[in-house]
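First chain written, first letter: the chains are A, B and C, and each begins at residue 1.
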């Protein structure tokens, strides 16, 4: 476990919420450029894992290393490389599309801001709504804006929490294409999903979380989806 | 850090320009408080001059609570708080940006309310205008310093915004006393305000610092 | 069930009881009758130590809150919460004994003098602390938020005191004769000190009891979890 070639490394990661232990001494290594899918039932610790890696949760025991640097002491440059796609939109209703993106772009220190904003708005097909308040957007358009928000600072490691849940067809398409681009450019992906079929399709590796630990690990290159699905069902309903 | 402060300030100001919620609510409420004071206490001009500063700051404080509540209520929608938690910036910077925005909103309400107060209560507020502005500024900073922090706390509780005044008002007693006394001096009273201005300054420095340092604990999950 | 013999706890309770009996003797029989105020003045021996304990308790809340923020160990949060509860209790006692003493001596129920007013503000701050705890359900968040409040509340105390004191000199209330600071003869001082010691012992007894109660609650919760998971 070298730590240098891996973009994300967790060692003995443990997180408790009062009496409930969400993660038990979880160690996981994600090499640079890998697409990892995490599946498991509710309460298995998947979302907690993502929240810790993305700095939403800051108190835990164990180590999290991003590109070899400890997340707790990492500087802004390192933390800036992390992107997060949530099923919540994280958008301000009373700001325009452009201003929402402008806010996130500024906070993430995006270079050549205006050009980048224009670029990402075109990419998610929102050019017509650039100066519309988010309050006035339809659900589908909001979803596309939310995706733009997640990608605006060109992260190199992308964390996704049930990203396809509730997306309409157009937004789904755009996310698929954005992820394709992201992977092609060498980005590292960690996705939590209940949609195991899609998760399987997009992944280089799939791990199963259960009660805060990794209980199964497999690669779509080495085995069939059916075999995995049977194993997964066995784990869940055992 | 500086980038975080200015960006948050820009965002909150822009949202406020769009909705005018903070200013609207706090101005109207403050005005109502003054009007109610008039009906409940029938004052002579002399009494009004003596007690006017008190009414003013009570009005400012209650209006201020409304504006402060909104400060984080707007982050609760669509879980924008999570957006803030994700950002690679120093969380203290987020605090300072929000605090600054709240100070500005309070100041705007105060400046507009002052002439109205002078008219309603026949109080001459032009005694020492420079001192008056200093008090307004220092008092608003003090009130917003703890207020912004507590607003973040309140938004995460079961009682939401209702708990903000319960938490905030006892803690801000020193700054309210100091602001009232210093304002009375600014209106032309013949007292020694040096202690009060010192207290305003000390309070502001202490609580901006403490809130800045502890804000990170509030913004995490 | 944990039925380990709690020798320290029993010793503490016994010591406190003894101290209370000694104090009662001293307050009512040993200490001389005060010249101007009469027997009512004896409330002083309950009023002042209560104030001391309340203040001490809130200081402990401050310390434990700081340690919790540094160490994130639940134990410190439990301690802070217990101290806050007991502090509010003694604070209430101060606020009750104050007026009972004030009325016969000074003719008014309440004087906005610096110390009593400070106690009232303290009461408000720590009741707000308890309310915050009550209205939060996530235990970790509750502990963190309460700790921040515990730190801020205590830092505020000197500022509240000085602002009220100076305000009082600017807006003098009718002068009260026989104030709390009037000189104490030796036997009165001795009684006071014994009472302070007793109240402090009482504080620790209550604290220990409260902590035991909390650990019992935690045990019940843990058992409940096990039952739910097994069933």
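By definition in this document, a residue touches a chain if its C-beta (ideal position, glycine included) is under 8 Å from a C-beta of that chain, and two chains touch if they have at least 3 such contacts.
Note that this is a predicted model, so its numbers are computed, not measured.
**Student:** Most central chain by CA mean?
**Tutor:** B
**Student:** Of the pairs A-C and B-C, which shows more C-beta pairs in contact?
**Tutor:** Spelling it out, more C-beta pairs touch across B-C than across the other pair.
**Student:** Provide the C-alpha centroid distance between chain A and chain B, rounded to the nearest whole angstrom.
**Tutor:** Here the centre of chain B sits 39 Å away from the centre of chain A.
**Student:** Would you kindly tell me how far, in whole Å, the mean C-alpha position of chain C lies from that of chain A?
**Tutor:** 49
**Student:** Would you kindly tell me how far, in whole Å, the mean C-alpha position of chain C lies from that of chain B?
**Tutor:** Taking the mean C-alpha position of each chain, the two centres sit 31 Å apart.
**Student:** In chain B, what residues contact two or more other chains?
**Tutor:** Residues 220-221 of chain B each touch two or more of the other chains.
**Student:** Where in chain A do residues touch two or more of the other chains?
**Tutor:** In chain A, the residues touching two or more other chains are 59.
**Student:** Once bound in the complex, which stretches of chain B touch chain C?
**Tutor:** Of all residues in chain B, those touching chain C are 146, 149, 153, 156-159, 163, 166-167, 169-171, 173-174, 177-178, 181, 191, 195-196, 199, 202-203, 206-207, 210-211, 214, 217-218, 220-221.
**Student:** In their complex, what parts of chain C are in touch with chain A?
**Tutor:** Chain C residues touching chain A: 72, 138-140, 221-222, 225.
**Student:** Which stretch or stretches of chain A touch chain C in the complex?
**Tutor:** 17-19, 59
**Student:** Okay, in this complex, where on chain C does chain B touch?
**Tutor:** These residues of chain C touch chain B: 69, 121, 124-125, 128, 131-132, 135-137, 141, 144-145, 147-149, 151-153, 155-156, 159-160, 162-164, 166-167, 170.
**Student:** Over in the complex, which chain A residues touch chain B? Could you list them?
**Tutor:** 51, 54-59, 76, 78-80, 82, 84, 86, 88-95, 99, 103-104, 106-109, 133, 149
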